[in-house]
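In the two complexes that follow, chain A is the common piece, with chain B as its partner first and chain C second.
After this line comes the complex of A and B, so read on.
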């Protein structure tokens, strides 16, 4: 059996399948590395999303392989042999299964060197998400084998590929508001990352794994079956699997929409002081982030009772969550560039110093841009400049005027007024006029 | 060379004939291509002769258990072959080269024959040795690791014979095995047939009367699905006279038998 499996691995479409899937997967990943450069979970999820192409390809490869007996006209010869067709199919199923799993892992391996230096957080969920992806490919390849055997035509493989893409596209639309149904039946649904902290819940993965395993078993049974009665019976595992998966999948909306991994969001701190912390998922970027964070703290040190700690700004907009407002903490925005390193480094310190480093998350109303910016540039020590591409010119002119007013004041008084802006912003109070009024 | 011998192989034979048919009827499509055939074959090389459309290939397919008989009785290795019986044991003792030999072009000769040995449920331990023996026997040793698709017509035919004999079958069915073989290879093939016929029942379907006379111990001739003649090659020769068509005594015997059968059935 193992010798026959080895022959099948060498001589079936298995090798071709590995090459096609690896090439397609790697091209997709490297076409937009910024989509997955932020960490291992990102990579695992984006790879799942690219099943939109890989899943139909696996279907097609399976269907192509299934035509072999028909194409080679071996039916007559094989019909005279003792081994039942169920057993004859086992090495083919094995070879195709091994091939697509290897291809899926090889795509991940091809991406790994890109982020291995910068991606610090490797939760076990990564393996689960990847395993479900690999299982999806196995189910697709086996389903392709089964369909290809039932319809051994030259057009089966391309038609299945197109139908597969179509199915993955239609599922989210077809289920309408019952999003959880799409999560069960589409291996790529919900895998787009809105935040770097995003994860896939274990129960979702479990439901997906049950459905895909059932689909794979049904496909194998369909491939091995010889009569219409056994073919109908082969649908049974698929129906059972679908039912079980639907029972297990969570249906709570909040539970489903871009769930955040709290461990990924936890702050981990750099050695030394002052204290600089970033989320665990970005912990690989601490060496790059710490000097910038300390630079911002040094500039804020001009103020009375300055903040002493930097945390990463872990605000997410969908779902809407933000870190608590704390007087001694300055938030640092962290975005990852396509190479996995800290993006937009030059903008980080100015952003941290907006409103004199006050966290205004959850305040609702955005504090006056001109006051916030004047305080920011007074701390930096140069004249305010336009920050947004299409902002009205008078916004910055107002900031410049306020900044010039601060410059004319004695250092201590200016610092007191900027500190007042900071206090007010932290309390979600109006900051207008605080820079032109004497600080009490 | 040593090999393990299964209990089934050493068990005493309890059936008088290796292949036995009584009133066998087999359909080819809607047409009854074998129609009431009585045949009993034992160990030896049997040449199956008959004109095109006589039912040779359909008979071969029925004996290979590929098509179910439509009526009558067929017994292979003492076991009845009908819709109900489990054919696994019988099939393990079969070797079959179909008229249209299908193969996987990407496999090497060795791989394909090994694959066939696996399909024939040969014990794992004996497979590598048996594969090599079969390849050597048909003279494909030098091509053992060549892909099937690179073989010439004659080599393919020999690869087909190799897969048929790899399991040392008790019933070996060869449907036109000499097509594509050059004269020298045909001589080697006859030699091999004589060798195989020592302890198995070999049925060779062919149009070449000369092959039958040279290599077979027994001649079976059918026409329109029925047995016309069964006897020795020497007896076949005596059937023909100077007036019969043919370039050799055996061919004249063949023509005479066919002419008489057609006259007897009124056609």
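After this line comes the complex of A and C, so read on.
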């Protein structure tokens, strides 16, 4: 059996399939490395998202392979051999399955060196997400084999690929607001990255795995069956799998789009003091982030009762969460560039000092730009400059005026006023006027 | 006339025509049934063009090309006419939908994509054989459909199938592919295959 499998691996479309899928997957990944450079989970999820192309291609590969007998005119000859059809089909199924799994893993392996230095957090979920992706490709290749054998025409393979991509593009629209339904039947749905802390729930992966495994079994049964009665029976596993998957998947109240992994958000601290912590998913960036964070703390030390700790700003917008507001903690924004390193380094310290380093996330109202900026630039020690291209011009003019006022004051009084801005911003209070009236 | 009938039959043109018409009807019915908009979405139009081009691909080689080549006929002109007729079939089928309730247009997009993809398929038929010639058009079109970007010349060339009909770079790319395919196929003909694969 293993000898036949080896021959099949060499003589079937397996090698070509690996090359095509590897090329397509690697080109897609490296076309936009900033989408997955932030960590292993991002890579696993983005690779799942790119199934939008690989899944239809795997369908086409299967259908192409299934036409081999027809192409070589040996259908009659093989039908005359006194062996069950199953025995003849198993090596083909095995070869195609091995090929697409190898291709999926090879794409991941091609991307791994890019982030191996900077990605620190490697949860077991990565394996689950990748395994479901590989299973999706196996199901597609086997379904292609089954359909290709039923309709041995040259158009079958491209038509199947077109149908596959059409299905993946239509599913999110067709389910309307039942997003959980799209999550069951589309292996790529919901894999876009809104935050670096994103994850896929185990129950979602389980439901997807059940549906895809059932689809693969149904396709294999369809391929091996010789009569219409057994072909009809082959649909049974698919129906059962779909039903089971729909029962398992979280929905309605339990369903959450783009869930966040709390372990990935946990703060991991650098050695030495003052304390500088970043989220676990960015822990590989700690050596790059720590000097900047300490620079910001040093600038804040001008204030009375200055903050002593830096945490990463783990605010997410989908879903809406933000870290607690603490008086002794300054938040540090961390974004990852396409090489996996800290992005926009020059902007990090100024951003940390906005509103004198107060965390105003979740306050509802953001503090006045001019006051917040005047405090920021007083701490940095230079004149405020325009930060956003489309901001109203008077914002910065006002900030410069407030900053000049602070410069004219004795150092101690200015520090007290900036500290008052910080206190008020932390308490979600109005900061207007705090820089112009006496702190006492 | 007798020659033409035999030629069309040997190239399995009736089946290919039926398949193209069938694909058009299926895509047209899908859009009519599931959308209220009269104009079919651009991805739908591009996928339909791709399907039709794949359907006429099967006619690019005969059952025995080596035998065909021995005939004392001027093949280049006939091959070029074959490709142009295939383009006409694809374009006419889709333009016919413009007078119905689900329009697969605009005509410029259909013509550009049909010509470019057919040229790419013809290039494939010359190099890797007609039965494999749909590989590249399929993979390229699906990829550019999902990840189309405009703005940069290089990305417009790479995703020419999905660019707006007025895009010059995409039109030039398609024209080059079409001309290249036409010339290569007319002069060289389909690639020689192993005898075991003679029957497509």
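By our rule, the second predicted complex is superposed on the first by the 436 of 440 C-alpha atoms of A that agree within 3 Å, B and C clash if a C-alpha of one lies under 4 Å from a C-alpha of the other, contacts with A are read in each partner's own complex, and residues count from 1 in each chain.
Everything below uses one rule, namely that contacts are C-beta pairs under 8 Å (C-beta built on N, C-alpha and C of every residue); 3 or more make two chains touch, one makes a residue touch a chain.
Just so you know, these numbers come straight off a predicted model, no measurement behind them.
Visitor: Per the contact definition in the header, classify A:3: touching chain B only (first), chain C only (second), both, or neither.
Guide: A:3 sits against chain B, while chain C stays out of touch.
Visitor: Just to be sure I read the superposition right, which of the two partners does A:82 touch: chain B = first, chain C = second, or both, or neither?
Guide: Only chain B; A:82 stays clear of chain C.
Visitor: Applying the document's definition of touch, where does A:394 land relative to chain B and chain C: first, second, both, or neither?
Guide: The answer is neither, since A:394 touches no partner chain.
Visitor: Looking at the overlay, what does A:320 touch: chain B (first), chain C (second), both, or neither?
Guide: A:320: touches no partner chain.
Visitor: Which partner does A:73 contact after superposing on A: first (chain B), second (chain C), both, neither?
Guide: After superposition on chain A, A:73 lies in contact with both partners, chain B and chain C.
Visitor: Now for A:271: first (chain B), second (chain C), both, or neither, which partner does it touch?
Guide: neither
Visitor: I'd like to know which partner A:11 touches here: chain B for first, chain C for second, both or neither.
Guide: Touch status of A:11: first partner only.
Visitor: Considering only the contact definition stated at the top, list the common interface residues of chain A for chain B and chain C.
Guide: In chain A, residues 72-73 are touched by chain B and also by chain C.
Visitor: Where on chain A does chain B make contact in their complex?
Guide: Residue positions touching the partner: 1, 3-4, 7, 10-12, 68, 72-84, 88.
Visitor: In the complex formed with chain C, which residues of chain A make contact?
Guide: The contact residues of chain A facing chain C are 20, 24, 27-28, 31, 52-53, 56-57, 60, 71-73, 153-155, 157-159, 161-162, 165-166, 169.
Visitor: Applying the document's contact rule, which stretches of chain B touch chain A when the two form their complex?
Guide: Residue list for chain B touching chain A: 61, 64-66, 87-89, 91-92, 94, 96, 98, 100-107, 111, 114-116, 118-121, 124, 127, 163.
Visitor: Which positions of chain C touch chain A when the two form their complex?
Guide: 19, 23, 43-44, 47, 50-51, 54-55, 57-58, 131, 134-135, 138-139, 142-143, 145-147, 196-197, 199-200
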